[in-house]
Amino acid sequence: MSDLEVLTTRVTEALGDAVIEHAEACGNLVLRVRLDSWRSVAETARNTLGCNYLSFISGIDWMPAPTVGLIEGDTSTPAQPKEMTFGAAGSAGRFQVFAHVQSTVQHIGFTIKADVDEAAPHCDSWVSVYPGADWHERECWEMYGVVFDGHPSLRHLYLPAEFEGHPLRKDFPLLAREVKPWPGLTDVEPMPGSESDEETKDEAVEA
Amino acid sequence: MVAQNVAFWIIAIAMVLSAIGVVRTSNVVHAALYLVIVLAGAAAQYILLAAEFVAWVQVLIYIGAVVILFLFGIMLTRSPMGDLDLDNSQRMPAFVASLALVGTLTALLVDAFGNSKVVIDAPTKTSVLSSDIFRLYIVPFEAVSILLLAALVGAIVLARRD
Amino acid sequence: MAFKLPGLIGGLGITFKTMLQGAVTVQYPHEKEQPPARSRGVIALHEDNCTSCMLCSRACPDWCIYIEGHKEERPARREGGRPRAVNLLDRFDIDYALCMYCGICVEVCPFDALFWSPEYEYSEPNIASLLHNKDRLGEWFHTVPEVEPLEVGAAPVAKAKK
Amino acid sequence: MSSTEQPVTPTNDSPDFKAVPDFEVAPGMQRHLADARVNVELDTGDMIINLGPQHPATHGTLRLVVRLDGERVIAADPVIGYMHRGYEKLTEFRTYPQVTTLINRIDWLSSFANEVPFVHAAEQLMEIEAPPRAQYIRTALTELSRIATFLLFLGEMGLQVGALTPAFYGFRDREHVLNLIESATGGRFHPNFNRIGGLKDDLPWGWIAETRNVMKIVLDACDVFEDLVLGNEIFQARTRSVGIIPGELGASYGVSGSNLRASGVDWDLRRDGAPYLAYPELDFEVFTHPDGDSFARYWVRLQETRESARMVLQLLDKMPSGPIMAKVARIIKVPAGESWVETENPLGQMGYYVVSKGGTGPFRVKIRSASFSNVSILPWMLRGVYVPDVVTILASLYFILGDIDR
Amino acid sequence: MSVLALEIGWGWMLAFKALVILLIVPLGALVLGYTFLLKMMSHMQSRLGPMDPGGFHGWFQLVGDGLKFLQKEDIIPEDADRRVFAFAPVIVVISTFLMFVVIPIGPVAVVANLDVGVFYALAVSSLSVIGVLMAGWSSANKFALMGALRAAGQLIAYELPLLLAVVGVVMQAGTMSLQGIVSAQQNGSIFGWSGIGNPFIFTQIIGFLLFMIAAQAELSQTPFDMPVAESELVAGYMVEYSGFRFLFFFIGEFGTATAFAALAATLFLGGWSLPGVHGLSAELLGPLVLFVKLMGVAFLMFWVRFTYPRLREDQLQAIAWKFLIPIALANIIVTAIIKVAF
Amino acid sequence: MILNQFLILAAVLFCIGIYGVLVRRNGVLVLMSIELMLNAVNLNLIAFSAYLKDTSGQIFVLFVITIAAAEVGVGLAIILLLFRNFRSPDLDQAQQLKG
Amino acid sequence: MTQFYRNYLAVAVFAVAALGMVGAMLGVGRLVRPNRPQPEKYIAYEAGSDPIRGFGQSNVRYYVYALLFVMFDVEAVFIFPWAINLEALGVSALISMIVFILVLTLGLVYAWRKGVLRWA
Amino acid sequence: MGLADSGMLQKPVAKPLTWLLNYSRKYSLWMFQWGLACCAIEMGAALASPRYDMMRIGVIPFPASPRQADLIVISGTVTDKMAPAIRRLYEQMPDPKYVISMGSCANCGGPYWDSYSVTKGIDQILPVDVYVPGCPPRPEALIQAVVMLQEQIQNEGIGNDDMRKRWNGEPINVV
């Protein structure tokens, strides 16, 4: 049994039915847990599994960005699939919170995900388990609008207080990219058969 | 002696004005700074009277230490800085009383000393002072140390919060 | 607060020694150090090589290369060949006020038209002058250094840039 | 007079200290933060002071809103975000090569080390591996950037406790290291030298010999710092038992790297994490210090600088020959998947959680930067210390604003 | 006055002296600031320091700074107490200036040979505390206020060791007049050998060290530069000062540094006196000798300044009260006992 | 210089001091006024000492200065205490509160 | 006029000269310096943030130090005249001075023991 | 007001004086101690690294308070949250004052040109005297910019119009 499998068994056993799904992503254990057990998972991770170290808490928005690829042939902005797909361990909807915890003693670590509601994203706060969660949760709230219940002071972390919107949501546009014309657009037509022709074509296909 | 007289009057006027400032100003820090002028003026008068050492003691202790103590005290008590009413209601009677006192004292002094002159032929040597202190006033001198000790202990007891 | 001396004295010794050692300063405006050959100072354009294929402009993360060009017919290179159509540059501007000196453009250029030069002295009092046009970029070409040989153990390079 | 009568605010070591910061003290400050123009009505004798965003102690743009009683800090609230550039959003709009060149500006002192975990994550997803020579060169450059970062720290810390001269020495000796980095990568600061699958270029001729010389200079510099700063009694008086982080608490705050090792937690991702670069083949020591105070942090970093120099020498000895790029398509597309890579950066644990959906750019990159977590412990650490110690603590935590705010 | 001033009335003499000193003070500060602060510091940090201003090794730097500040706008913050704010630097400057009055630079070349010389110098130097407190308080700025309180706390704490360190010298010389102290050193002897006179640094080495430490603190130099600690309080009580008023503090700082160095040189190193040089040549050489000694002392001060980190406020006070003052008192008693017994 | 110059100046200062003591409510200011009075006394002493060519006056002044320093120290400590208890350096208020 | 007064005249001249210098410099500065009043210029500096008004309270500790200072300053004042006349005053003065110093040192020791000299 | 505006300094007699005044301003550039981002480290290197030692040419990094500064080098990324503070600090500097914009971020937003939180160019809030290109510019590049600024200062008239232009300090308001 590889280390990862040992870890998987240990963690899934400890967490019990909180785990909805688990997967392995490039050697890293990813668990999807029920939203209502989000906090108890943290407690178990810290107290039972010995993961005393909080790496990060953050969110993820699985919606394909409507703004990407706005300009025709813009190869500077990477292409993404247009339909909603989910990553390791799946997701029930658009928003997920995920966190990574580790043990500084046993040198193990795993990622925990939980699905949050799209319309009114809510989630339990981890501050009482990992005090370091404070800022991470503020960041996540600011970036995705996920409200952490029980967090002592959810207020802006990075952005000025008057900032509106949640920048990391996929539908938050980067205005500068839309305002400035992409300089890669050209009216020079490719010459048939030339090397540059093929390359531009390649690019165009990818875009 | 003309120069000394000129100096005296300049300093005296500055002193009196500043002294009035001390009791009239509405800003406590300003009062302390006015006090500095009065004290410095007094030191200058001592020099006019050839009491060199005492003059610099005045500067060192009064200006260099007591005023600092005052300023610390002011900043500690956060005394009001604005035009808050720092005076009580007895301004008028107090003014009259002190004016009367000045008048009486002046009259008395003029009457008593008339035009007696202060003649200064040599400044007081510090060594003379020291022999006097350590020969004639040795007991008060020791008493001063006890007094200072008592004041120190008392002030510490009072100022400490515990 | 036990102060043992060695640490304090030793520190004095170090600074004193440094003082005697003399400075390591290079007096920049008067004497200049040549930056390493790979240094990314400014991008030079070898206009003859550029086919205005736009690859650099598209790969640039900052969108700071502006290219305009047009096509022109040219007589065939070899006798009897087809007449060639070439892209001629009308405009090739790099906005150094925006450029992040990442080198992506130099790397993606398939025709070896862009090079790094280690020059760095082109501050401007006017931000518009930081937009270097193709003549200015062409001038930088004279400052492009020779490619250095590689360290022992390096695999032979397939495609040698200048 | 309220504050003077209240019991003294619990210090870090007092029994009624709570691991979780209590937020009772914050409302006044919150109001202030919500609207900076509101005059906070001072109902007590305390003084609220803004340290920053422009303040010499805050390394640029951190802002500390500090509530003082005399010279003692009752509560401190770091306000970050003055350097927030929206990295996680920007990465979603860039292709992989463009992301690589962008992310070295997160922790700008050790830029090269920033690139490594991201490139590694992408390589993991693509299931390729850089050739050994590339791994060795990467490791050497990472360690060089660690040395450059720490040399700056070793001098800067002296500056923050009032000694001007060490800062100059730090800069002086760091210059040699930067020269090395520049002659190899072309950039003093932002190398952009990593490519997915290897490196941009091989080392230039004579680099290895030059590096050996420079490592000698670095080792000498460490001795100088040991005598000039670490051994100085005044420095010790200023730093010992100042800003203690208990190891367990530090871990739960996510404090990492040298800061955590200085608190006695023996954890170094180069040795203990998933193997990366050439570290498994190196022989090196991990230093810990039991005290967890500012002095310990300085000590640990000094030792690590030395150890890094030794590691570089080892790497130079073992440097394999061969290619420096794996076979990678010219236009990089990363297959869909998720990957978490963490590395031991100079400032601590840096991790990238890369989510790809198979495009030419990442779908989501969560950047876990070390300083963010390192600094998040500040409100706890700064309670009950004196103003001068605030400076020492900030300096000894050693954060880079870009690494906090991203 | 014996040589030069036979015919010249004392008033002219005084004016002449005033002029010389007025030139010497800024000039001395300039040379001190330039030579020692910039060049020595720079080389200790293995760099060159100013080079370009003026062409030759940046001699123009200090003049340039002065002229530059002359052209800077004079800002008085709106919340400041205008009059106090404007007057605070003046007090500091005056206190500095007055210190120079009693420092002799030759057998007769002294502006005012006061009977209470040392005492006067120390009393006058203590005046700057008021200026500092005024500056800090009137700026209506928290950094300034904290800086001023720290500065005042420190200045008064180290005023005492300074005073007490001098007592030993006064005891040995039997006078407070600086001229008297110099001649006591010049004419003294070490165990009967009078080759170099008796510079009090030998017998009062503890006093000298105390004096230097205390002077370092009085000047707010590292390791005692808490009040102006840049990395905490930005610039301490000077935060809000701009333009020329700031330069006054600057002048005050360097002037006081010069004055203390000169005082130390006079009290402990024999001042203007050079063994075996008397009469007119002493009068001419005096200023130079004093200057060399002064520079030696200043070198020591700046050497320490650029090597050490700074102490914390509490440590600083602790050193003064728990370390320097007891030692100074012990020094006094021991010196007195020796002097009375032998 | 006439002796009375100094004496009258001292008298004026003394009365200004009295006015201050009577009028001021702030404890610190009252102390300052007391200092004014003490200074007037000192000036008298010195003037007489110069007039009579007797150093005792100056020695007395030294003692008075000493005592004044002690007095200010204790006085301010008391005011601090008042301030701590009544949150104001105002003497009248303290009196009222004391009842 | 005696030497004594001349000396002090010199002191006074110096004070006035310093004042004059200050005045002259400010006057010259007035001629060459610009004056561009902008309201923002006069806002107190607080590290780039909007200043939070409110007067701070200094620490009681400073007061106690100042108190100690005053006491010892007074002591120094008495030491000086004694010091210049040491030999003439002889043993009895020495003893009384030692007593004086010891009594005051007692105060220092008291403060020390009381923890006044220790912060916090 | 003052001599400068009275026109007296424009007379040929005043040439040496003008020269001297400019010369002293030129070599006494007290630089505000403040760094923003990566560029700040290069600025630090230019100042504190003995290899570059910008103090040679009269740039003194002494003041940490804007009140004593002549020169502010905007060295690095300016975010929207930071911009008001920068503006405030600039305003607090006494005239005459100079601004150097260092690095692509300060010039134009640089690598973060499309970010939602970065100010695209410091010249939107301050008048800039010299722009230094680079990301980050080498310390030498900054020194070169300072030399360039010093040339500008040397040639500054201190008569009415030049002065007003230079010392105006009015912001360039770009919406």
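Chains: A, B, C, D, E, F, G and H, in written order; residue numbering restarts at 1 for each.
Simple rule for what comes next: a residue touches a chain if its C-beta (ideal position, glycine included) is under 8 Å from a C-beta of that chain, and two chains touch if they have at least 3 such contacts.
A quick note: this is a predicted structure, and the numbers were derived from the prediction, not measured.
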Applying the contact rule given earlier, which two chains have the most C-beta pairs between them? B-F
Compare the CA centroid of subunit E with every other chain's and tell me the farthest one. A
Distance between subunit C and subunit G based on Cα centroids, please, to the nearest Å. 60
Expressed in whole Å, how far the mean CA point of subunit B lies from that of subunit H is 51
Centre-of-Cα separation between subunit B and subunit A, whole angstrom: 74
Cα centroid separation between subunit D and subunit G, in whole Å? 45
Which residues belonging to subunit H are in contact with no fewer than two other chains? 21, 33, 50-51, 53, 56-57, 64-67, 81, 85, 89, 92, 94-96, 109, 111, 113-117, 135, 138
So which stretches of subunit D touch two or more other chains? 4-5, 45, 47, 49, 53-56, 71, 81, 84, 86, 89-90, 93-95, 98, 101-102, 165, 168-169, 172, 188, 190, 228, 232, 234-235, 237, 386
Among all residues of subunit B, which ones touch two or more of the remaining chains? 4, 50, 52-53, 57, 60-61, 64-66, 68-69, 72-73, 75-76, 78, 120, 123, 126, 129, 133, 144, 148, 151-152, 155-156, 159, 161
The residues of subunit D that touch subunit A in their complex are 19-21, 23, 26, 30, 33-35, 80-81, 84, 86, 88-90, 92-96, 98, 121, 124-125, 248-249, 251-256, 260, 265, 267, 272-274, 331, 333, 336-340, 342, 349, 351, 353, 355, 357-364, 366, 368, 372-373, 376-377, 380, 405
Residue ranges of subunit B touching subunit E (in the complex, touch as defined): 27, 29-30, 33, 36, 52-53, 56-57, 59-60, 63-65, 67-68, 71-72, 75, 123, 125-126
Subunit D to subunit H touching residues, read off their complex: 53-56, 59-61, 81-86, 89-90, 93, 101-102, 105, 108-109, 111, 152, 167-168, 171-172, 174-175, 178, 188-190, 401-402
Residue positions on subunit H within touch of subunit E in the complex are 20-21, 23-28, 30, 33, 50, 53, 55-58, 60, 63-65, 67-68, 70, 92, 94-96
Which bits of subunit G are touching subunit E when the two form their complex? 6-11, 13-15, 17-19, 21-22, 25-26, 28-29, 32-36, 39, 41-47, 51, 53, 55-56, 58-59, 62, 65-66, 68-69, 72-73, 76, 79-80, 83-87, 90-91, 94, 97-98, 101, 105, 108, 111-112, 117-120
